[in-house]
Every structure is written in structure tokens, then in C-alpha cells.
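For reference, chains read A, B, C, D and E in written order, and residue numbers begin at 1 within each chain.
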Amino acid sequence: MQVNGEFKPKIVAFCCNWCSYAGADLAGNNRLNYPAEVKIIRIPCSCRLNPMFILRAFQRGADGVILCGCHPGDCHYTTGNYYARRRMTLLFSMLDYLGIERERTRVEWVSAAEGAKFAATMNDFVQTVTKLGENRRLEDLRCKK
Amino acid sequence: MQEVKQKAIELLQSGKVQRVLGWKTGEFFYDLTPAVFETVEEIKKDFVFSPFCGANLSKYLIAESRKEGKIAAFLKPCDSYSFVQLLKEHRIVRENVHVVGVQCNGMCDIEAIKAQGVKGVTAVRQEGETLVCETLYGEKSVPYAAALSERCKTCKSKKIVLFDELLGENGEDDPDCGRFDLVSKLEAMTAEERFAFWQQELSRCIRCNACRNVCPACSCEKCVFDNDTLGTANKAAANSFEEQNFHIIRAFHVAGRCTDCGECSRVCPQHIPLHLLNRKFIKDTNELYGEYQAGADLETRPPLVDFTQDDCEPSVVYTRGGNGK
Amino acid sequence: MKKLPITELDSFLKSLNMPVYLPSDDPSGQAKFTRWAEGVQLTQQLNTVRSAKDLFFPQMENLVDFKVQDQKIEIIEHRNVSENFVIFGVRACDAAAFEILDRVFLSDPVDGYYKERRDHALIVTMACSAPEETCFCTAFGIDAADPKGDVTAWKTEDSFFFRANTGKGEKLIAGLADGDESAVQAQQAQTREILSKLPNGKLDLTGFDGAHMMEKFNDSRWKELSEACLGCGTCTFVCPTCQCYDVREFNTGDTIQRFRCWDSCMYSDFTKMSAGQPRPTQLERFRQRFMHKLVYFPDNNDGVYGCVGCGRCLQKCPIHMNIVKVAKTIGGEGNG
Amino acid sequence: MMHRIGVFVCWCGSNIAATVDVKRVAEELGKQPGVVFATDYQYMCSQSGQELIQSAIKEHALTGVVICSCSPQMHETTFRRTVSKAGLNPYMLEIANIREQCSWIHKDKETGTEKAIVLGRAAIAKVQLNAPLKAGETPVTKRALVIGGGIAGIQTALDIAEAGYPVDIVESQPTIGGKMAQLDKTFPTLDCAACILTPRMVDANQQENITIYAYSEVEAVTGFVGNFHAKIRRKARYVDETKCTGCGLCTEKCPQKNVPNEFNLGMDHRRAVYIPFAQAVPKIATIDANYCKMLQEGKCGVCSKICAAGAIDYKQQDTFVEQDYGAIVVATGFRPISMEKFDEYAYSQSPDVVTSLEFERLMNAAGPTSGTLLRPSDGTHPKTLVFVQCVGSRCSDDGRGKPYCSKICCMYTAKHAMLCREKYPDTDVYVFYIDVRAPGKNFDEFYRRAAEEYGVHYIKGQVGKIVPEDGKLKVQASDLLANEQLHIDADMVILAAAIEPNPTARSLATMLTTPMDTNDFFTEAHPKLRPVESATAGIFLSGTCQGPKDIPETVSQASACAAKVMGLLHKDRLVGNPCIAQPDELMCNGCSSCEKVCPYGAITYADKEFRTFEGMKVRRVAQVNPAVCQGCGACTVACPSGAMDLKGFSNRQIMAEVDAICK
Amino acid sequence: MAEYREPLIPMLGVVTAIRTDTPDVKTFTVTGLDGKKPFVHIPGQCAMLSIPGVGEALFSITSSPTKEDALEFSIKKCGCVTDWLHAMEPGQQITIRGPYGSGFPVDTDFRGKDLVFVAGGIGLAPLHSVINYVRANRANYGKVDIVYGSRSMQDLVDFDEILNEWSKEEGITVHLTIDREQPEWKGHVGFVPNYVKELGFDTSRTVVMCGPPIMIKFTLAGLMELGFDKSNIYTTLEMKMKCALGKCGRCNIGTKYICKDGPVFRLDQLDELPDEY
């Protein structure tokens, strides 16, 4: 999205309820700033993230999608993030294979105690995606007005 | 080849099976159709096993094995992998199927023959390593190797992984078949080149669903792309996004389940090399999580429903494969 | 008859000053109708993978948009008006298919989207010189050596020959030099010779008519014919005469786009309702497709079959089941 | 179908209203499809705020509610109750987090407002697809498992047991008692640790509701709140517990004398068969298989010969106990960090540099020196003692220490210094500190007594280097207040080593699916409001496994933890989480992918007959046990056909949120 | 001829009133945005209604052509579009296009005939239009018998109108039945097919049927037993439709398209068509 001639990416952040969503809350508690372009969707666990949701986000105009979950080994459901890790690794690799910028997708493990890491991650991700510019390779023009 | 037909007759005659799943003659020599035979007469008249029996018969057994009586199925190495994978997913009733393994020397493809400049082919005969084609424009010869279908040029295995009886010798895996060469080649390109390549390929998709409907792994009761209530239905490839979306998600859904039988690419009317998507997943899982061949056995956990605590992180994608952004 | 050296095709097409679509090989080596521009070469292949119907009946087109706000609905019509364009190099079978499509879309109530494009199109057909074994246009009385269209073209070693069939066509080639017909006649003779040898060229369709509807419908052999059918839409989508469509909606987040897209009677959800399914198995769906082409359509359309013998389904069906096999199994005695 | 949605935008005083234009948010969201009422209010969570919501539900016949407020982690439960009281299903509520995710992080009001609107829109889109959900119920096993038998575990177990519920304590060491048993005196009262701890240990042993599994480890835990199942490994002691009388004869006669005594931190030796200390509970001998000649070489058998009870059993194997529990308490405690990386303090070079816990043993009557303070190197009486505070604590730089304050060091150092000066008035005692932190009851007085009455030299400053030289420890330090370099020739140096969680806690956390912080302390469900519960329902935290604590704090937390456990065990049935997986049988392929990724074994398969347009068909379909499913959603993605969906986080709901956010 | 309208592009209508008939049937009154009736139809014809974003579906027009101010649709809740319709409030705009289908031969074959209407459940909807048309042109038709049944008393559509208007009209006899006994029900109990047989109408009469397939099947069997000729029996059919223009290709039964040639068929016509509906 262009705002006053400046590119503002749309970022969807899927956060697991137990660690990363709480981590985002902690970032808020500590007033750690990160760009408003990041919008969080709460999911119970990183393993709830269906690749279809990621593609849907890109279709609907997202420029970057990030998944945050508990650190491997710390999943509230024991093993969810292990599955998420494999799924996302393969999906990202496939997107890359299709020539879609690999930097538009990311997975980051953020615990409930890592408010600062959450903010830093989001700052960095927004910066990365801003540099890439608008998502052109996985876009649906019908959704862009 | 007569041996196969003879076996079919024998099985039916002995009462061991009530039906036989095989291939039926067509108008020409190459347009064979999978068919269920119920009588010896039908077999004698129409049953055929030839280098044009490319169609993978395993998927038919989902429905056929649920019918009354036992069915004999002639499975080539490729088909046998699909068969085992379907068994693993509880889609086939094993007791109702008598599997006859048939060896395969690589299946031919009429389009490969035509790509050699041979037109109007009406009949063919094999003379050693050569196929002699009768055409509307006279006789033409094509080397057998050139007539091979694309997937058979990089055959991963001539092993029939499961059978009740075997015709001929069983074969072996070929780890050096080079089936990932094209994937590697693509990986080595820049992202721009890859994007251009796939745009070019996928833009031809007409969403006829042939790839999906032929795929033994795509045997869902209802496909997500047909599912209006789920909100994921997607009928026509309206634009490049929907082309990408369909093929990415389809490949993802069969990841770890795809046996690499190559039917998707065989049936694509637009010649989109769809197997290169599936092979990418296979190559990735092999490299990242250890060698895994879907359909090779009934026990091993497929990579996507498995994990180890020290799996690589998704960020591995940022650093591996491809040389540029 | 007009004549144009092959080397001058580009300058001729350029001189037409309107969009021209012609079969050209894409990077994968398959022919498809492509908008001509400098460098776009006419294919050497017999025909395109997808038929020419796309140009009048695209796989997907937006019909109308809606904006919904509370209880109010706004209808946004945004249909583009077509400009005149030329379809160059249409084979006889595909040209014949246009007439079949016309019977559907131009009959009352007229489909404006189709008509708009049809009215603005100028069709230059191209006679065949090297039919494939899958061709059986002759079974439908189509002469591949002398196709219809506004202009008929023949391509020889070094030249194109053009003959105008309509006033529109006349204008199109008015600027070209006259040529000698003998080369064309020679080619036609040669082509007809091959056509007469087509393996399915004499497909006997007697008995495929309204009068035999119930007999054909209830034939027990539909089961074996349809048994292996995958229920995909390949035959439908490559067919030049298939025209079933679906009307669906897409929510862009801003507007609701109502679009039309190709559909296939082979699909399991084609007639599925929440309350019932009149064609529950692939047998009924498979039968519908062929009954429609061979019985229902001719019965409603002065005996014109819904098939032009282009042979695409023979080439493309993943399991090699096709209208020829159906006609031979269910149909006339003359099929041997 | 459209819901009638009410939107309630909370100001949270100025917390939200300062950087988000709440009026505009309410106004904009009021225009969204389906929204029939939108308003803003100062505190939605207040009594009157909740009443506002309830009356709007009734007045506008709302079927869905969106509250734009603080994080759902904060008040989702509150508001669910609110709407429920107004007759709405509690799951017809969605919260847009416009405080933590918006007003608190965006300083620009326009930015904050725009984002708040988008977040509200996503919540509206989601609630539009919400369906009323009803939670299932499961019974509660009225038995608790306490992992760790230190003072925290003992106290928790005693409190629960006294309330009438059976409790099992699992302790990895041969005796309960934990770190407190190794302490000499306790601050700020200077009473003897053993004198106050051992009666509690005996109580635990005698309480009929308590079963102590000492020398045991938790092997595996499955299940969920109210319905855990644990497998406990009882390590072989090679001594029959039922026969051993604890007479201790074997521990005197065993010929293997050179086993480092871990109770005295390796500063003296014990036998291969041993009882850790006199007051051990259970008082049963244990054979250390690593040192026992009989077990190692098959030669000896002395203990067996002299044991009158015939309790020695060299063939004993590990055994397993399996038990169901309703609640699990983690009380795994702490240990001092290793001093190996702190070369500058010469811990590895000189035996006269000791940690505070070692010092504790050196002062203790049951310790290696029987309570006389002697230099470990030469057994002489030390004259000059230097205490170094914060060794490894508050250490953020180099990864060898811990970033946090270990909390107890200031006080025990004051205790040590004081005891030292009291017992040996001839000593010079120096304490080097960064700050003295003494905020507890009577703590500051205690520290001041040490400095003022006992003449302990408190020096604000850091010890830079300690060099052993000529039987002395050359201490180089800086006095920050006097701004000068000090050189002290010390006889002993005592390091206040930072404490860290028990290293076995990490694997336990994985087993229990309980989150830990980066330091491996267990994370409490809420830092302020739920300090003794872990984020995993039914798992409670007692003592230092949650963070550094002194004894009084540990005991009070242990009792609080017991109260929470009792509250849980008191219930007969638990209302579950209704946001669980649900398969659409009509779409299910029965392929077993979902079952493979379910961490709880909640998915089974059944052959069912279905009426289809093609006639009756038998298919294998997945079934979810609602009592066992915890709602992670792993199965929903493993399912290729999308037959498996998650209630409350359905595919359509999440996609609707995606659509709304990207719009 | 009227101005050309793209047949697939609907016009806007507004739902001016919604009446709840039974727990799952509501009747919607639809006008154009100008407040007038959107178009003129003949009884038995249908219209495509849609809510953009939800879907489009074909409904038979319940009101009689003689109703001048608006069209009415009685719609049973049974899917996406109908769920939405049932949830909406008056004032809602919808899109409408039509009329589609051939309708009943009210001004030809039915003229001068003694008529029997047989309906079950929501099947009364298309017949409602005919019945009121017949009532409005009473002189053109002979005796009228209406046999109408439903699961329960509460599921009888248009109950008020049946009781207060139809029953009271001369020359019209209404026979109501419900499937199972109900304490407050004084009328006939039993299934429609049996009731029709019991009533034993004269075989010279013209029968118009609409209802669930099972009712049609057994009523037809009963009528055959009574000696009726199939050329005197009419019914309407339902199939999935997308265009309603005879082009999209799904609603054909053999050579006939329900949307163009139907939905009204005479049973002897259906006999000549494949059994695929």
C-alpha cells in the first residue's frame, strides 16, 4: 500500500496463543514500538497455521506473513510447533522455488517472556518487507483497488 | 506381453478373482483405457498390455476394492507404490485385491513420438530398439528411447513393492536416476528466472482438474478446491494467483504422500511439468528430514506428520538453494 | 483468389490495423491463439491445444459487479465494448464449432457478452494440408481442405492464398494481389486424399437422433464406457463446442464480482444440489456429455451434431475415452 | 447468515483513549456489515461497563459481541461471563486487542486509530462466523503429584494432604529435604535449618495421605488437567525398603570409603552404601551402584552379610509406578551455578575459595569439619574472610552468569558474615557488594546488624581478581565509595554463586508441556494474578522452580500452590475447552494423517455407513474425543480435505480475519 | 420490444414485507426499486433471486399474475441463499431476474377443466400462483379441489389464506391433511397420496401436483390406479440452475431444459424423457 508516496507493507502476523501472543502483549506492556503495519491474528498454536491462510493473505494484499510460536520444545501442546516448523520450511521452500521472494515469509519463535524479541522481530520483518516492496508475484489484482 | 493377458484369463477362470483391472484396446495402438474385465471373452477380445499402458491403475482400486468379490489388478512398479500408499491411508480394502506385479521397461508416449515429427500415426510395431510407425503419410521409424514418456526417462524404481504374484523379475530402486536434476537446475536459477519459468508454465493451466483427478494421492472425498462451505472453493484459474494457489496447495496436500508416479504431468493437456512441484517437496524432505519414499512401505511415518527436535528452522530456506534473491 | 508470399505475412497482418490472433507456439512448444505482434510466428502445427472458442467464450469473464452496503445493493456494469479483431488461421473444425456455439449463445435470449465479441470478429480460416489420425471432421461433413469463415486461406510452400467468403472478408484482403488457384487446387486434392483415409473419417452416426433418445440413453454399455472416466474437465475444456458454464462470485473485499467460468458436465458437482443429485455417478455425467453432443443437441438444432471432429479429446483424454469410442460402441452399424 | 453484532470500544481510562480515537473507532466499526450497535466507554471491564454490554445485548437483540479493549489474555474470561449473563453464548464474543497491540505501542493517534479499526474489523469478521459452543465436562482424579521433595514440595504436599487429598511426592534423591537440609542456619532469625525442616519431613512421612517416592523420577506424563497419568521410575536402591530399618550399620561397615559425599558438596567422603544424613526421610540406606564393589565387580557383599534385616538386594531393578492424578505440582528447586567459568576468583585453583553453600556445610555441625570453621586447604583457622556477592548474578555480558538477581545472596551473606564474627571474633570479614538488597521483613535490620553490630566490613565494590599465593588468597578489589584499589590477603573467599533452576526441569517442562522463560524458570500463568499456576491447566508451581526465593517466600508460595490444587481437586467435574477439533465425516477420507499429529491421542477411527447420492457407503472416518482434545489444531492442517476443523478457530474464521486485515 | 437487457445481469428489487408461514417457510414480497412489480409472469414461472456475496437461486413465484403490486415468494429454509433470506429484514435489497420457464397452461389446456390441485409441504408455493389465478378468473374453470398436506398443522403454508379465503369460496373444496395426529387438529390425518385415493376424483379431471418426490411418486401411482390419463396430470420439477436461460447446460432432462421448457411438465411428456431428475 502506498501512503503519501511511501510504501507501507501489509503484514499479517499469526501468533500462537500461549507464547507469541503473550509475547506481543508483553511488548505492549513494555511500550515497545513496532510498526502499525503488523496486524496480529491469534491462533491456538503455530500448528494451526494452514498454508492456505498464508496464500490467502497474499491474495488479499499482504506483503509479508510471519508466524510466531513457542520455542521448539516449549509448545503448550508439546509438539505443535515441531509440525509447524516442518510445514513452514517446506512451504517457504516451495514459494522460493516458484520464485516468490523468500523474505516475505518468516517463522520466529517468541516466548511469552520475549516482548523485546517480538518487537525487534516485527521491526526487522517490516523493514525487510519494505525493502522488497509490494508483493507482485503472489498477488490477486482483483483484491487490489 | 501375452503372458499378462494369459495370467488375467487364468485368474478369472480359476475363480480366484471375479474381476480383472487392466487396460483395454483403443482405436489406435496408443489410446488404451483402464478397464475392468468380468469375463474371459472380454479379456480375449480387448485386454492388452503394451508399452502404452501408462495409466496408473491404483486409484481405481479405492472404489473397486469396496465392491463385492475379489479383483485382480495388474500393477507396474510405479502403480505399486501408489497402491501401498493408498493402503497406508486405509483407502483400499486389501483382502479384495489380488495384486499381480508386472515389470515395465518404460512406457511410451504418443506425444513423444509425434514430437519426433511423425504425423498421423495409425499403428506401430517394435523392431528391437526401434518403433516402426505406420502413418497416413507412410512408414516412419523412431528409436524406442525417444518414444519414452518423460517420466520414464528418470525412472526411480523398477521395484514392485507389494504383490501377490509377480510376472517376470522384480527390479530395484535406482538412486541415480537423476529425477531431481531438473529441480536442481531450477533451484540454481535466480528467483526472477524461477518466477518467470513458473509463470510461463502455470499460466497455461486451464484448471481441467485432470492432474488432481488422476492423482492417487488426491483422492479426497471432497477437494478443498470444490468446497464452497469451507470457503476455499476455486473453480476457474482466474489469474496467476489462483493458478499458483491451486498448484502450491495441491502439491502441499500430497507432500509426503506423493509417490512420484508422474501421472499429473502425463495427463496435463497443457504439458505443465507438474511433477517438478511434487519432486521439489520430495527432494526437500529427503534432504532435510532424511530419505523417504512414499508408498515404499506401510510403516514409515511420512515426513509431514513427523518431526525431530533438532529439525532445521524454516530460515534454512533463506540460505539454501538458488543463488539470488 | 489473392496471393501473399509467406515472407510478407507480418507486413500484411500489420497493415490490418487491428488486433489479430493467430496460432503460435508458446515456449513449451504448444500452439495457442496468441495476439499477433512483430515476431509472433504462425505455428507449423496442425492445431492449437485449446480451441478458438476462447476468443468468444473465455474461460473466465466478469459479468457484473455488486457493491453491498447495509440493505442496499449497487449494480456496477462494466462491460467493455469490443473493437474489431481478426482470428487468423482457424481450422475448418474450429470454424464449424463457432456455428454450434452461435446456436447456443445467439439464440433467444441472446448472450450479449458472446455476441459483442462475435460481431466484432473477422474469421480467417486456414485449410488443412496434413491431418492427423485423430481427425474425423469428415464425419460431420466438414471439408478441411475448404473451410468456411469470412476469408479462407491456404498455405503452400511459399505462399498464402486467400479467398473472401463474405463482404467483410472481401474488404480485409482487398489490398492483396491476385493469385493463381491451381496451387490451391493441387493442395486440396492431396488433402482430400488423406482425409478420405482418416481412420475415423467415416464414423457412422446414424441412430443418433431424438427419435432414438430413449434407446441410446438406456444402452447398457454406458457403464463400461464411463467406468474409467476420471471426471476431469479435460475433454470439455479442449472441446471447441462445449459451452457449459458456471456463474460464481468472488468477493474482492470491496465489491462482489459475479463471473462466468467454464464448467464441465463431467464434474461431480455440476448438477449437485443440497436436496438431490440427478446425475449421481460418473455414468450419468459421462452419458450426459455424449448424449448432449450426439442426441440432445441435434434434436434441438436441426440435426446438427455438437461435435466437429477436431480430435482434441482423442489426444487429450487422460484415459483415452472419447466420442469416437462412444459413437462406435453405442452407435451405428457402419462402424464395423 | 448475518449476526446482529454489538461493538464496544473501551478507553481503558487513558490507556487506550490517549492514542486511539475511540469515538472514531466505534463510529467506523458501527458501519461494518452486521453491526447494529457500537459504542465506547471508559472501562468496559468495570461493573457499569459490563452492565452496558449486557443491556445492549438485550436491547438490540445482539447475537454477537466484539469488544475492543485490552488483550484477551486479560479479560476474555471476564467478558465471556458478562455476555453469558445476558443470555448470549459466551463464545459469541471476540476481543480486538487495541491496547497491547495498538494504543500502547503506537504513539501517533491517527496510526493507532486506523489500526484499531482494522483489528476491530477482523474481530467483527470473525464473530460473524462464530457459533455457540458448549464445553464438555470431564471428571477429576482427586490425587496430586508433587515433583520435588524440598521444602516447597513438602509444604505443598502437607497442605494438600491435610485437606484430605492423597498426594505423592517424587524426589530424585534418596531423601526428601532438598537444599534446605544442607543449610546451617536461616536468616533473619538465625534459627537452625534442620530444627525447623526435619519436623516437616517427619510430618510428611507420617501423614497418611502422603506417599513419598524418594530416589524416584517422573518418567512420563500424559493427559490433561484433572486427568493426568504419570509413570514414575523408582530407581533401584539395592536395599529392600520394606526391610531396611535405617540402623546404619552397613554405612559404617562398607569397605568402600572414598565416595565423595554430595551432601557435603564433595568436601568429605561417604561409603558406597549410605544414608545422606542422620535425619533423612525415608531413613533407608542406598547403595551407590557406581562405587559398590559388589555391583561393579561382583566381589564384597559385606553389607549383605552384616544386615540383620536381610534388606540388601544386589539384584534389585528399577520399578515403575503408574498413577492417575488430577493436579501436578512442580517443585524442582534450584542449584548454585558452576563457578568454573569464573577464573578470576580462583575457585578451581584454591580449595579455600568456596561457594556459600559449601561455606554453609563448613559451618554446620554435621558438616565435614563438624562445625568448626577450618580452611579446606590446610585445616587451619582462617583469620581474614572475603565474601564476594553477585557472582554470576545480574550478569548480562558474557553468557557465563545469569541476567537476574538471585535474590537470596545478600541475606545469606549477611548471615554468614554475622555467624562468622559471632563464633570467631578474631576474624576480619569483608563483604564486597554491588547493592545490598534487603527488602523483606526484618531483612534490612538484619543486614544493618551485621554491618553495624558485628563489625562486618561492607565494601561497595567489585573484586577484580583473586590470586592464591603463599597460602594466602590475594584479593584485588575496588572500593567504589572510597574510590580506591584494595589488596586484601585473605585466608578464605566465599563466593555468593548465582542460583539457577534444577537442570532436570527443562525436560520435565517438555513432558508437562509447560512453558519456561529463557532462564529455564517455569513461567507462571500470570505474573501478578496467577503466580502459582503454570500456563498449562492443572500444572502448578511451587518454590524456586518459578524464580529465586528465600525460605519464607518459598513456603508461602508452596501453601498458595496447595490452595490452588485443593481448589481444583475439590471439583468433581471440570468444564473443558469447547474450542476443539471436529471432523466433518462427510468429507473425511479416514487417511489417519490427523491421528499421527495429535499429541493427546484424541483421534480414533470408526467405520460408518453413509447415505450418498450413489447409495449407502461404508467409510472410515475420524472421531475426536472431546474430553481429550486440547484444541491445538495440528490435525486441521494435516487433513488435506479440510474435513478436520477447529471450533472457535475455524478455517473460515481465520480466513475471514485474514480478509478483513488485508482489506 | 422492450429495451435489450443482458439476460445474466439482474435488476434490483426490494423485499418490502416478510411473512412467517411455518417454522421454516417465509413468504417474501418483492417489488422493483420503483415500488412496482418487477415483471409480469404466468403461474408456474420462476425467478432468480440473489444476494450478492451469498449466491443466486431459482424460486417459483408464489403470487398470482393477478396480484398487481408485487411478486411473492414462499421460500423454505434449506441452504445458503435461503438461510440468508430467512435472516434478513424488510427493506433489504436483492437482485432479481426472470420470469423463467414455461408456466402452467392456465389459459389453454386448463380452460374449462375441473381441476384438482395436489400439494405437499412447500410444494404449495408454485400451485398457490395457479390457484389464485384460477380464483381470479373463476368463470374460465370448472370445479376446483385442493388437496394439501404437510408434516404437521404448523407446517401448512398459507394456512390463514386457505381457511379464510379458499375454503370459503364457492366451487372450491379444500382437503387438508397432516401426517400425524395432533391434539388441536380436527381435520384429516394421513399422507397425501392415500388421501387423494380416498377422495377418488373423477378421472376426467386435470390434476396439478407439486411436492416432495416421494409424494409425487405415490400420488401418481394412486392416480394411475384410479384410471387417470398421464396427459391430464401436471407437475413441476426442480434442478440445479445457474443461468436459467437454457445455456449453462445443467438443467436438461434429455432434450428439455427445465429452465426453458419446464419446470412444468405433463406426465406423458416426462415419460418420453430419460429418468434423470
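Here is the rule we go by: a contact is a pair of C-beta atoms (placed from the backbone, for glycine too) under 8 Å apart; a residue touches a chain by one contact, two chains touch by 3 or more.
This structure is a prediction, so every number in the text was calculated from the model and none was measured.
Contact with both chain A and chain B is made by C, D.
Once CA atoms are averaged chain by chain and compared with the all-protein CA average, the nearest chain turns out to be A. The chain pair with more C-beta contacts between its two chains, of A-C and A-D, is A-D.
Rounded to whole angstrom, the centroid-to-centroid distance between chain D and chain E, based on C-alpha atoms, equals 69 Å. With centres taken as mean Cα positions, chain D sits 53 Å from chain B. Between the CA-based centres of chain C and chain E the separation comes to 39 Å, rounded to the whole angstrom.
Inter-chain spacing, taken between the CA centroids of chain C and chain D, is 72 Å.
Residue positions of chain B with contacts to 2 or more other chains are 224, 232, 238, 304-306.
Residues of chain D found to touch two or more other chains are 597, 638, 651, 655, 659, 662-663.
Multi-chain contact residues of chain C (touching two or more other chains): 68, 246, 250-251, 253-254, 263, 272, 276.
Put simply, chain A touches chain B in their complex at residues 51-52, 55, 58-59, 72-73, 79, 82-83, 85-103, 105-107, 137-142. For chain D in complex with chain C, the touching residues are 33, 612-614, 659, 662-663. Those residues of chain C lying in contact with chain D across their complex are 68-70, 251, 253-254, 272, 276-277, 280-281.
Across the complex, chain D is touched by residues 66, 89-91, 219-224, 227, 230-232, 253-254, 257, 301-302, 304-306 of chain B. On the chain C side of its complex with chain E, the touching residues are 63-64, 66, 68, 71-73, 75, 77, 79, 104-105, 107, 109-113, 210, 213-214, 217-218, 243-247, 249, 251, 256, 258, 260, 263, 265, 270-276, 278-279, 284, 288, 291-292, 295-296, 299-300.
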